[in-house]
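Just so it is clear, A, B and C label the chains in written order, and each chain counts residues from 1 on its own.
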C-alpha cells in the first residue's frame, strides 16, 4: 500500500537531475567532438520497460558517482508503447525493453543503432496481496471467475510471457482487467483490488510486504530476455554508450541481480 | 367575509407599513408610484414573502401573524394572483394552464379539463383550448390568466398591473372587459396599478400608497377631485396647494395669498385644474382676484394643448392653446402673470 | 446594404487574425492529422472488428446510463444550489464542481480508495454483500458519472438561475406543492438547459479515460471503452486501430454535439 504507484496509466518519468552551476564548461566540452570521446556528459534519455523502474533509478544513482556529468532522464512504460513512441519520432538515446519481440520491432523500424544486447532475464511470479485473501494456490486459480485477476495486455511483454506460462500449464485464465504495463498489475495486487496477478518476480519483490508470491512450478521455464540498445538518432550517442555499458557491465549486473533479475 | 391586512415589512430602502381592508365583492385599487411597495404588498398577501410584523386575516382565518408564529403557505391560502405579464406556463396548452390549479389540488384530469373548458367559454375563449400561451394576444392571455386564477375559487384575487403589458390601442377594451369579469366575482379583489385611470375605472375604492404608507383612500371620484399629495394631484391632473385658511383667503407657506369662493378655516388643500389657469403678459384686470407673477420653467405638448410649468410664490401648471403660446411669446425663463377664478378652486381640509 | 461599409466592417486586424488562425490550427490540425494518417483501405475491416464493435457498444451503453444517472442526481443538486438558501451552498457547489478541474486519474484513485474492495464504502459492500465494484461495468459508469455529472450540474444550475421564479410563485398560489411545481413548471422551463447539460455530460462520459482505467480497469466487453481501446492499441503498437478509434470518437462526438445543438438547444 505504502509504495503504491497510483499514476498507473501515466508514463512514469523519473527526473534525476545532476545539473548544477558548474556544468557550463562541461557542456562546452560535449560540443567539442575531440574531447567528448574522453568524458561522456550531458543529458541521456532512456526509454525503459516499466519493470525496470526501481533498478534503473538505482543505477542512475550509482552512475552519478562514476559519471557526474551525465544527466539521465527516464521514461518508463510498456515496451510496446515505448517502441511505438520511437517509431513516431520520439527523441531518445537508449531503449531497454522487457522482451526481444518489441526490440525486434524497433530494429525493423530502423530506429536502433547496432545490435541490441541482452542484459538481464526475468521470470514471472504469481503475486497475491499480503495474507492471500483469495486463497490462491496455483495457476489454476486464475481460471476462477470469482477471483479478481489482473494480467498484462497480451501484446505487451509481460502479457506475452503470461500467455506462454498459462499455455504451458494448460490454464485458460479469466482475467478481470488487462493492464498495459506490469507495474499497473503490481499496484492492483498491492492495493488488494486484485486477488492475483501474473507479474515479474522483480516487480513482486519491489512491492515489498504488500505482495506475496505463490509458487508456480515451471515458472522458470518461461523466461523474458531484456535487450538494450543505443538508438540510431540518439542526440547524445557518447552518453548513450556510457549508459548502455553501465547497464550491461558490472554496475548493472549487481543492481539488477539485487532486484531479482537473472543474468543473461 | 373580507380581507383585513396590517402589513409591516422592511426590505432594503422600502419600509412598508400599510393597513388594507377589502370587503367581499369589492374591488380596491392600490395606486402608487414605482417603488411605493404595491407589488410587495401583494406578495405579502399571497404569502410569497413573510411579514416582519402585523397580521393578515381573510374570511376570519388568520393567514399571517408573525407574533404568534402563524404563516399559511401560498398554496393553502385561497388567494389568486394575476400579474402584469400573466406568466402563463409557456409549455402547457391554454387548457392545461387553466386546469392547473384544479389538478394541483388533486382533481382527476378529465374533470379538471372539463371545468377549465367551461371557464374558457365563460371568458369568450372557446376554441383556444389547444393553443400555446405564446399564440395568444395580450388580452386573451389576460383572460386565460384570470380564468386560471378564478377556477380554484379564491377568496382574494390579486391583480398586479393587469393592463400594463397591453398596447395603448387594446387597453380600453380589455379594461372594460376586466371590469365586467371582476363585477361577477364575489371575493375580495385588490388591483395594483400606477395608472390613475385604471384605478378609477376598475376600483370601487382607491388606496394611494407612497413610500410604503397609505396617504389617501376613498371612492375614485373623491380621490380624483380632492388629491392629498402632489403625486395624486399630478396623476389626476390638478394643481394642488397646501395652506392655512381663514375666511375667504388662504395663506401659503411662501406667504402668497389665495382668494377662495367659500369660507374655510385651518389647514386646507387647494386644488384647481390646469385649464382653469389663464396666462397674460400683464397683471389681468376683471373678476379674477387670484393673480401671481411667475417665471416659465417648462413648456410641453399635452394633447392638443401646451402644458406650461411656471414657478414663483405659487407654482402652477397651466394648459393653454398653442395659439396662446405664440401670441404671448411664451418661452422658458420668460415672465408671465397667472390668474385663476376663485370659483374654479376647490378647498378641502388637509 | 452599403457594400463599401460592409467591406470596412469585415476588415480584421492582424493582431486578432494571426493568433486566431494559430488557435484554430492547434485545434484542427490534430484532427486533420488523424484523417490524413487514417488507414482508409483497412477502415471497414477495423471498424467491423469484434474489439471495436464491443468497445463502441460498451461506450454507448455506459455513457448513456451514466448520463441518466447524472440527470437523476444532478438536476436535484442543481435545484438545491439554485433555489434554496442552504447554509453550506457555496461549499457544496465547490465540492460538486471539483471534478471539472481534477485530473480524471486522481478521480479514479479517489474512487478506488472509496469504492475499491478495501475502500471506505467498497470494503463494507464487499464484506456485507460480497459486492466488488472495480473491474465491473458499473465501475465504468460510476467513473463516468464522477467526471461528467459536474458539467450537467453547472448547466442546469445556470438554467435554473435565469428561469423566472415568479412562475413558481404563481404555481404555489394555484395550490401546487413544491414537488408539483418542480415537475410541471420549473423542469419544463429549464428543459433546454437540462438537455444542453445532458449532451455535454454524455460527450464527457463517452471520452472518459483516466478515472475509468484507474478505477474500472480494462477488459474487453466489460470495462474497455473506446478511449481505453485506443490507448491499448497505441501501447500495443497498433497505431492503425488507434487512429480509427480516434476518428470514430470524433465522428460520434461531432454528430451528437452538432445534431443535438441544432435541434434542441438552438431552437430554445
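To be clear about the criterion, contacts are C-beta pairs under 8 Å (C-beta built on N, C-alpha and C of every residue); 3 or more make two chains touch, one makes a residue touch a chain.
Chain-to-protein mapping (UniProt): A = Molybdate ABC transporter substrate-binding protein; B = ABC transporter ATP-binding protein.
All values reported here derive from a predicted model rather than from experimental measurement.
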Tell me which chains count as touching both chain A and chain B.
C
Using the touch rule from the top, work out which pair, A-C or B-C, shares more C-beta pairs.
A-C
Could you please state the distance in Å, as a whole number, between where the Cα atoms of chain A are centred and where those of chain B are centred?
86
Between chain C and chain A, distance of the C-alpha-averaged centres to the nearest whole Å
35
Taking each chain's centre as its mean C-alpha position, how far apart are chain B and chain C in Å?
53
Chain B - residues contacting chain C, complex
43, 46-48, 73-77, 79-81, 83, 87, 89-92, 100-101, 104-105, 148-149, 152, 154
Which residues, counting only chain C, touch chain A once they are in their complex?
105, 109, 112, 116-118, 132, 134-135, 209-210, 213-214, 216-220, 222-224, 231-232, 234-239
List of chain C residues in touch with chain B within their complex
164, 166-167, 169-177, 180, 184-185, 188-189, 191
Mind pulling up the chain A residues that touch chain C in the complex?
6-10, 77-78, 80-81, 83-84, 87-88, 102, 105, 148, 150, 153, 155-156, 175-181, 188, 191-193
